[in-house]
Amino acid sequence: MIFTAKQIADFLGGEVVGDNNAEVQTISKIEEGKKGTLSFLANPKYENYLYTTQSTIVLVNKSLNIHKELKCTLIKVDNAYKSFASLLELYQQSKPQKVGVDKMSSIDESVELGENLYVGIYTVICKNSKIGNNTKIYPQVYIGENVEIGENTLIYPGVKIYEACKIGSNCIIHAGSVIGADGFGFAPQVNDEHKKVPQIGNVVLEDFVEIGANTTIDRATIGSTIIHKGAKLDNLIQIAHNVEVGERTFIAAQTGVSGSTKIGKDCLVGGQVGFSGHITIADEVKIGAQSGIQSGVKNIGEIIQGTPAISLREFQKSSILFKKLPELRKEIFQLKNEIENLKKNTK
Amino acid sequence: MIFTAKQIADFLGGEVVGDNNAEVQTISKIEEGKKGTLSFLANPKYENYLYTTQSTIVLVNKSLNIHKELKCTLIKVDNAYKSFASLLELYQQSKPQKVGVDKMSSIDESVELGENLYVGIYTVICKNSKIGNNTKIYPQVYIGENVEIGENTLIYPGVKIYEACKIGSNCIIHAGSVIGADGFGFAPQVNDEHKKVPQIGNVVLEDFVEIGANTTIDRATIGSTIIHKGAKLDNLIQIAHNVEVGERTFIAAQTGVSGSTKIGKDCLVGGQVGFSGHITIADEVKIGAQSGIQSGVKNIGEIIQGTPAISLREFQKSSILFKKLPELRKEIFQLKNEIENLKKNTK
Amino acid sequence: MIFTAKQIADFLGGEVVGDNNAEVQTISKIEEGKKGTLSFLANPKYENYLYTTQSTIVLVNKSLNIHKELKCTLIKVDNAYKSFASLLELYQQSKPQKVGVDKMSSIDESVELGENLYVGIYTVICKNSKIGNNTKIYPQVYIGENVEIGENTLIYPGVKIYEACKIGSNCIIHAGSVIGADGFGFAPQVNDEHKKVPQIGNVVLEDFVEIGANTTIDRATIGSTIIHKGAKLDNLIQIAHNVEVGERTFIAAQTGVSGSTKIGKDCLVGGQVGFSGHITIADEVKIGAQSGIQSGVKNIGEIIQGTPAISLREFQKSSILFKKLPELRKEIFQLKNEIENLKKNTK
């Protein structure tokens, strides 16, 4: 598909500076631009790329000042990054969509299938499950018994969803994720052995949830492990049994949340963070990468880091001093000596 | 299935307080109870739930004192949590069991299959492997050549077991785990390239081992990587080549163990812990989450935390002081000044 | 296959000490040796095994001095470890190789298949992809549209490769890895919701790259996430969108690299390390396990550790003092008291 600068500016509500008829057919980074590609420049720091790029069209912020001659055509918009994201979306939607239920998938006859579905080859859907309209399930997915999946949801290859879990509408689950495996529950026995406690709860992903690749979300012992509406989880995250993640909370890769912990809404959690079990985190809390959260966080909007986590400011100050510990110790020794000298002198 | 309070009390060896004929058909958390559900209360802290719950029957400890009027029927037992776990197990066992070998699985004709098996659709079992009686293998599992699996073992969807590995009886392996991939072994070459060292050993899981979802256990270079009897590994754990994990040791999620390290028996290892290679950890050692274990631990039952790990007490004390480092530095400065003043005065 | 000491010595360019006709048919660790097995001893520390092993042949370094009588036959070589690795390789190559395209794989008719391929059962290869000669793709692999894979590459069961990614020649990708899932990109919206930014770039693995089990490498937003020639990534690693990993760099298990970060060549990165986004790491840098790399590293060959990372020497010194913080505080208190006393005395 080929678009002109004019067509794109009209779609974005922007203004063309240069050739209205300049044509592009794909998208690239500004530093890798070629004839026929569209790029964007959001950060004025990189303004110089504008004068050297081979891209045919560049999206820029209205506020940007131009200081040299340009070879490319500009489209000025309020927010170049957001406009570019809209174009990316348009570009992706223009691709042919997968539809149809593959004959070599295995779908139990009791399953309720919505309309306009895609179910890929070698995918298994077990007894009494329900799949909503327009949902796309890629090849090699496993969906256990009594699972419910909403509408417009996208499930990538090799995802495994254990029995009785509920997935909302407009969710995305990336390849290799495991939803609903047994939590880590064992009861100590008299004979020093540990006996597995059956986990009969489930996992609930509400609408607009996104789960990264190879992430694992354990089912509740009883009740539900819940990822609330609009929450986004990155790759390789561990969510234990009976955890709740609040609405619109973002969790970066490789973070782990222990059993029964509740994280508030609109939180931002960095990568490789660990949460102890049975604690509660307030809304809008921001947690630095690799932190260890050993107790609850009560204040809305707190910003914390470290293991155990303290306020970000304290963490930064103390980290600088951690590096200076040998110096501090030396100073203490010097003070000791000086005091010894003083003692002698005052005797 | 419907059970009366009397039937459940008889099964558990407990005593009914209330209506012997009260009927339940499912299980719930006490705070989410409804008519027809059974709940339990183990922690006296939550006693208040007892007076407000909608559950029909609640399991409680004999030792619990009742302070208000009850709507529900109680079953008094020695240990409510343990009894509840037994009921959960009963509940789960009462579900129909999967049996039969799916025609659309791919099983080499040389494979030795036990009796009363379940092998799901799109599962692959390669040459010369052996599967014991009553073992259940879900769909989309891959079992390489010369693999041996014991009896009553449960292998969830999408597990991959490389050639020549040995899985014991009564084991559970959760979805997406990879057993027996090549360890990370490379020999430096003259030409500055690194040459892969073939890994010809295997992985041995002894009986009663449980492996969480998306966990990876590498095969030994030569010999075996061994997870001993009754050890439990959570999700997303990395076990490198030639590691040994002792009997009944528990390892929480996202922990990593480097090559050739040996962990003792009855250890408890927190989440996101990292172990260096070629070290030995004594029995019954407890390791706090996110610790970095850089050298061996010799004393049985030691409790450690931190990176590098120190005793838990030391870690807690030093962590408090880490936060106070700016204060300590200020104090040192003050002392300096005071000494300067003293010097002047004594001159 | 049976080999004599003479045959092996000739192959390795080594010298037999003992019986030229001693026969072996397999390989073992020296401490687990049996009649008919070949072992090696590289570290003189373990010399004692040499006198007690049941192995028939042991490879040793030329430089090793023998102090007792031997039961086994020795083969002396320049470097026993390297020679042993060569033998392991020979041993592995002598096994029958998998070939042929399984009828029960699903390969779109537009796919270009090279010669001498192995494609396992239940594997899916989508439209317009290309697979080079001698490449082996195990069962249950998913290869999306427009993917290119080079020659002699090995892809283990259950690997998922999203559309448009490029895999070089002589690569190895272990089971369960996900190549090309969407990065974690969201643009904040006016209405407080977050809108997904489509990720239209891809992942490029250059030649001789090895990827461990259940590792995830996200596609670029635009452009490519690149793992350069000869880089080796262990298990359960997270590589975010637009990251570059330099040639021959080794990354140990469970490390995570945030978006747009560039790691130089010949680096060694320990396990469970976390990298912030948009930073650059020089060549030949060594990073200790569990470090948190919050800013770029400019000096070639730097050795760093900690969160935030400092030089290894500083980290080690400060870690020792971290443990001694309670002591240091006590000393500060004592100094305070002494100064108070001095003050009184000088008044």
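Should a chain be cited, it is by its letter among A, B and C, assigned in written order, with residues numbered from 1 in that chain.
FYI, a residue touches a chain if its C-beta (ideal position, glycine included) is under 8 Å from a C-beta of that chain, and two chains touch if they have at least 3 such contacts.
Please read all numbers here as calculations on a predicted model, not as lab measurements.
Between chain B and chain C the CA-based rotation angle works out to 120°, given as a multiple of 5. In summary, the pair chain A and chain B forms a contact in which the copies contribute largely different residue numbers, shared numbers making up under half of all those used.
Chain A and chain B have Cα centroids separated by 25 Å.
Each of residues 122, 140, 158, 176, 214, 236, 254, 272, 290, 322, 328, 332, 335, 339, 342, 346 in chain A touches at least two other chains. On the chain A side of its complex with chain C, the touching residues are 27-29, 32, 81-82, 85, 88-89, 91-92, 104, 120-122, 138-140, 156-158, 172, 174-176, 208, 210, 212-214, 230, 232, 234-236, 248, 250, 252-254, 271-272, 289-290, 319, 322-323, 325-326, 328-329, 332, 335-336, 339, 342-343, 346.
Of all the residues in chain A, the ones that touch chain B in their complex are 106, 122, 124, 140, 142, 158, 160, 162, 176, 178, 181-182, 184, 186-187, 192-198, 200, 214, 216, 218, 221-223, 236, 238, 240, 254, 256, 258, 272, 274, 276, 290, 292, 306-308, 310, 314, 317-318, 321-322, 324, 328, 331-332, 335, 338-339, 342, 345-346.
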